[in-house]
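I've put the structures underneath this note.
Shared between the two complexes below is chain A, which has chain B as its partner in the first and chain C in the second.
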Partner chain A sequence: MLRYLARRLLLLVPVILGAALIAFALLLLIPGDPAIALLGQEVSGPELARFRHILGLDRPIPVQFGLYVWRIVQGDFGRSITLHAPVLRLIRSTLPATLELAIASLLLSISVGIPLGLLAARRRGGVLDTGTMLLAQLGVSMPVFWLGVLLILLFAVKLDWLPSFGRGPALLGAVASGNLANVLDSLQHLILPAFTLAAFNLALLTRLTRWALLEVLEEDYVRTARAKGQTERAVIYRHALRNALLPIITIIGLQFGNALGGAIVTETIYGWPGMGRLVVQAIGQRDFPVVQGAVLILALLFSLVNVAVDLAYGLADPRIRYE
Partner chain B sequence: MIAPVRRIAVVMLFVFALASTMPVRAAPAGGTLRIGIDVDAGTLDPRLANDTTARRVIEQVYDGLVELDAQLQPRPALAESWTQVSPTVWVFKLRKNVRFHDGTPLTADDVVFTYQTILDPGLRAPLRGLVTPISKIEAVDPETVRFTLSAPYAPLLKYVDGSQAGGIVSRRAVERLGAEYASNPVGTGAYKFVSWQRNSRILLEANPTSWRGRPSLNQIIFNIIPDNTTRAAAVESGDVDLIHSPLSPQDVRRLRTVSRVSVTQMTGLGHTYLNINQSDPILRDLRVRRALAHLIPQATIVRQIYQEMDRPANSILLPAWSGIYTEDITQPGHDIARAKALLAEAGWTDSNRDGILDRGGQNLALVVRTHSEDPNRIQVVELLISILRSSGIDARAEITEFPALVGALIAGTHQVALLGWLGLVDPDRGMYNQFHSKGSQNWERYTNPRVDALLDEGRQKADPQERARIYREVARIITADLPYYILTYQGYIVVVNRRVQGFVPIPSGSFRSLWQTSVP
Partner chain C sequence: MDSLTHASVTSRPANRPRAKRRRLTLSARAGASLLAVIVLAAVAPVLFTRANPEQVDIVARLAPPSRGHPLGTDNIGRDLLARLVYGSRVSLLVALISVGGAVLIGVTLGLLAGYYGRWAEAGIMRGVDVFLAFPAILLALALIAVLGAGVPSVIIALVLVFWTQYARVVHGATLAEREKDYVEAARAIGAGDGRILVRHILPNIISPIIILATLGMGTAVVAESTLSFLGMGVQPPTPSWGWTLAFGTRYLRDAPHIATFSGLVIMATVLGFNLLGDGIRDLLDPKFRVQ
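== the complex of A and B ==
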């Protein structure tokens, strides 16, 4: 198990390097120049050339990449071209907000999606099942930006129950300090963006749980369990659900990655100060160091989640062994 | 030793004396103003600022030598007076007893340092080009600064305004903080910088010792809300007190019906225009450029796409340039028949009956570009494409992000591009670099010796009537030659909660009046 973990973690190195290379290459492929983003429309030809030289953009591409990797290895992510600040500081100041949003949305989709799916599976064909599946269909097909605006107009403008934008105090910090007002403020700001980001995943998870459970309920061992006279409750929770969990865990792992990436739209709509917006802005302005740094961090996070998912399989199913 | 009673009497007297010197207006000192703004600032170093948010924050934290009023006329700010000693020498007398937020006094040395660093190419100051005619800047004494110019430069006073290129930085703070100065600004302005959470908010507090007197507000919060509709919802629900352009026309229409807020609309200091490349083999022909102008349904675009938020433009002259603007100069109007006649005259006919105009075996093909950040501009380009196509032109849209668009313009590989200029405080700012054959933003490759001579003359003439004559003539030539087709005068919209008192919108988008604004 430990050897497996060590090997998986070691394998992260080429994955991250690959991600760095791809991020680097893609930025070179798209037209546009960070020098222009920096100078705006006030730019002139000779000035542009001078800036490119200062930024090192006139060097051969392999040299640029080599220097970049060399700096990363030393822990130097460089400075943002347009934001005049170290990249690591920018990431450190925005990543917690994105993680808070992504984790909240994931918890929301798990804690609502799985029970709803279970319920639908148990009442298969009933009114509850049909209703849940209709809602789930709506959830997977509704565009995030539209849902977001709709929720703001309803809950912030019409009902005036929740704030229309922004993030409250950091939730973890608020909980740790035990300040109830701060916790409440934080949750009030969090609920709409977390739900908006969760809507798609929640719907997907509901449908998946229902399908996986129905599949397992057809298995012989479930019939055996029923024949032994176990209660329906025990059959579902002790026998069926555990097996149905495997595809669900896979999807949850992927969803966390999606939540990190999908947070970009949600963050923009709600003015949530996360890393998604930082990256989108940086791409728009060709701020290479920020994009590259952020891609590295996201790739690392995503890979770590994948390792965690693989380990979780073992918890759900004792037959899985790590060699 | 003073007896207790006498001590109390002395204190009382002191308090009364102090109270009587306080301005009456400061009495209901007031509150926090929450602003909703569209983008985060890139930097809060005034010398490096390149976005509208940075400028809105900087004009609270910093002062320039002068500041422009709503009529764009310079008023004293850090300089209490100035004299033009000769056509190329300006002397600025600094206000006495002005202190930076860290308590150090403002001296001529700080002004010299600010301009010398802006002029230093190594700093990468985006607006450096506005002050390059300054050849020498020196401190005559701690309260006097002398600017020596390489040639007479009439617009100088407009450009040393604090919300243009000229916020004066503290030399000591810059040298102490280095690169960190960009996120820890130290100025002389009415509000002091407190904190900045990237992509979230920038917090300022009143500077009680400001040379203007104590500002009315205790705090200003700039909330960064990138989505136009969310920003509109935030002011509608009372979560913020003030928002301004850019706003989407649909949201503005809704906000006009909300009783909690008031909507003010005025013509701003910018225009949206088509940049027409004069070096393009097809567009080199003036008849084709005129035909293009005749095909643009300007009134429809303003009504349908901008929903009257912008105004149809007559010429390159902005209505805000009082004394220079005139309605008498107009561009070719919407006239499809005339456009077709012009194209035929230029030899473009549909000889092979395939529905597309051609000449010498070559189709009349045009690519119209714009940038993806502005949905209204994308709509305009799509409309133009469909109109050009129905007139037999093989037209195609190319939408890219802003840096890619400007990259193409600099390289001169474009044919027609839709974009805009903002913050045109002076005709020189709107024309010199754009139309002078040596201009740094002459992306349309326009050369006209008469225009060059006029633009050079405009920089040297301070007399308002002379300037009006010069810039009107340039505008007439531009209207005839069509390197630019000016589509709209950009509107400027401010939505303010009715609780807010004393806020005066300024067409440049400046929040300069915030020092006397209050939220009871």
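== the complex of A and C ==
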């Protein structure tokens, strides 16, 4: 297992280098001087030339890329043009909010999607099954931002039950401090963005769980379990669900990646102070160091999640051996 | 005599049941009908509205649905129905070109990687891994940040985001097909690599490509409207669903009809593609047929 993990992490190196190449190439694709793109319009003359030399922008492109990777390895992602702060510090201060949102949405989609899929599979062809599948079809067809807007319209504008903007205190911190008012405030701010971000994944997971379970329920060992006189509950939970979990885990892993990407839109709608909003603002203000840094960090996170998913297979299916 | 021979060839023995014709499911046909209406709106907008999508009527701004404006008006008094009907052209065109481009690049590279193996496979598939390391919307946004907002940038960004899934699927399918006897037979009668790939292997792996492309059209419509929503997509005054919805969100309290109707149109289109894609998948791949 450890050897497998080491090999998977090693295989990540070329992928991350490739991602760094794309992040680097973004700068080369910008029309005009990359130095101005990195420093902003205010800087000119000798200062610009000095900066160009420090970053190696006056050297051949492969050397520039080498220097870029070297700076990244040292943790130097450059400075934001508009926020006048190191990019890494900005990412560090916004990443927890994004992770909180992504994890909350993932938990929501798992805790609702899998039971709904299970229920639909058990009542195959019934009203509940048809209704759930119809809702799931709508869920995967609905643009995330539109759902966000509708939820704001209903719960914040019309009913005035929940806030439509911003983030409360950090949920983990609030729970750790034991301050109930802070926990409530945090949850109130979290519900709408987390549900908006979860909706697509939730619908997908419901459909997939139903499909995977129906597939597995056709297998011989399920028939054997039933023939032995096991209860339907035991057949489903002890035999079928565990075997149906493999495709479900794959999708959950991908969904965490989707949630990181989807957070970009959700955070913009709800003014959630995470990395997604940081990126959108940076793109709007042409703050390229931030765009480059965020692109790279999110790609790294995305890749690490994929490795974690591969490892999770072994927990769900003991037939899989890591070599 | 001729007619007798013909009859004996074409007629079915009385005891053999008629071969079951495979048909699209009811939901897939509903999806196709939905899409037919939207495509009709894009091709012949005058069938749906006589209003000019650019006609500004500041007095009637943010007006709710009425007889004159069946879906109401937008923030500068333009007819919302006309904006959405004409907006379908942009959304469908962007989706069609970007999915077409992604299919072209992804299928070509997937075929080459799967057929030639070795360095071609290693190079192309590592490239796929690199592109898959990014959340799709982030990559598209970053590319548009560099290329500048607008229809061509959106199309380029979406092609670069979508091609990987076709390359992956085609690579896997080609790996399986290249070992089959018919490929060996084609090679034995002197067919070149190009002919084998295009005339023999491609037709045998076309089903998953058609399914992916149909579902991909829906994804592309959402992606285009999401990018427009974030201000990075189609730029005004071109009528676009995403932009109309983005503007609608600013007037949620006074004119909720703008966000509601534009969102409904986007969802109906995506639903159409999803239902049709699912139906084609059920038809072509019985493994996925919904029990």
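Quick note on the criterion: the second predicted complex is superposed on the first by the 283 of 323 C-alpha atoms of A that agree within 3 Å, B and C clash if a C-alpha of one lies under 4 Å from a C-alpha of the other, contacts with A are read in each partner's own complex, and residues count from 1 in each chain.
Just so it is clear, a residue touches a chain if its C-beta (ideal position, glycine included) is under 8 Å from a C-beta of that chain, and two chains touch if they have at least 3 such contacts.
Since we're looking at a predicted model, the values are computed, not measured.
**Student:** After superposition on the shared chain, which partner residues are touched by A:L128: those of chain B (first), chain C (second), both, or neither?
**Tutor:** In the superposition, A:L128 touches no partner, neither chain B nor chain C.
**Student:** Classify the contacts of A:S303 with the two partner chains as first (chain B alone), second (chain C alone), both, or neither.
**Tutor:** Touch status of A:S303: second partner only.
**Student:** For A:L260 in the superposed arrangement: first (chain B), second (chain C), both or neither?
**Tutor:** second
**Student:** Which partner chains sit in contact with A:V15 here, chain B, chain C, both or neither? Use first/second/both/neither.
**Tutor:** A:V15 sits against chain C, while chain B stays out of touch.
**Student:** Does chain B (first) or chain C (second) touch A:L88, or do both, or does neither?
**Tutor:** Neither partner.
**Student:** For A:I30, is the partner it touches chain B (first), chain C (second), both, or none of the two (neither)?
**Tutor:** both
**Student:** With the two structures laid over each other on chain A, which partner does A:V144 touch: chain B (first), chain C (second), both, or neither?
**Tutor:** Second partner only.
**Student:** Does chain B (first) or chain C (second) touch A:A170, or do both, or does neither?
**Tutor:** So A:A170 meets neither chain B nor chain C here.
**Student:** Applying the touch criterion given at the start, work out whether A:V157 contacts chain B, chain C, both or neither, answering first, second, both or neither.
**Tutor:** Both partners.
**Student:** Which parts of chain A are in contact with chain B and also with chain C?
**Tutor:** Correct list for chain A: 30, 149, 152-153, 157, 268-269, 284, 286.
**Student:** Write out the stretch or stretches of chain A touching chain C in their complex.
**Tutor:** Touch list, chain A to chain C: 14-16, 18-19, 21-23, 26, 29-30, 124, 137-138, 140-146, 149-150, 152-153, 157, 211, 214, 218, 257-258, 260-262, 264-265, 268-269, 279-280, 283-284, 286, 288, 291, 294-295, 298-300, 302-303.
**Student:** Over in the complex, which chain B residues touch chain A? Could you list them?
**Tutor:** Against chain A, the touching part of chain B is residues 36, 39-40, 42-43, 45, 48, 50-51, 121-122, 124, 126-129, 179, 182-183, 197-201, 223-227, 229-231, 233-234, 236-239, 373, 400-404, 406-408, 410, 419, 421, 433, 440-441.
**Student:** If you look only at chain C, which of its residues touch chain A in the complex?
**Tutor:** Contacts found on chain C: 27, 126-127, 129-131, 133-139, 141-147, 218, 222, 225-226, 229-232, 245, 248-249, 252-253, 256, 259-260, 263, 266-267, 270-271, 274-275, 288, 290-291.
**Student:** Per the contact definition, I'd like the list of chain A residues that touch chain B in the complex.
**Tutor:** 30-34, 36-45, 47-48, 50-51, 54, 79, 82-85, 90, 93-94, 97, 148-149, 152-153, 156-157, 160, 163-167, 268-271, 273-274, 277-278, 281, 284-286
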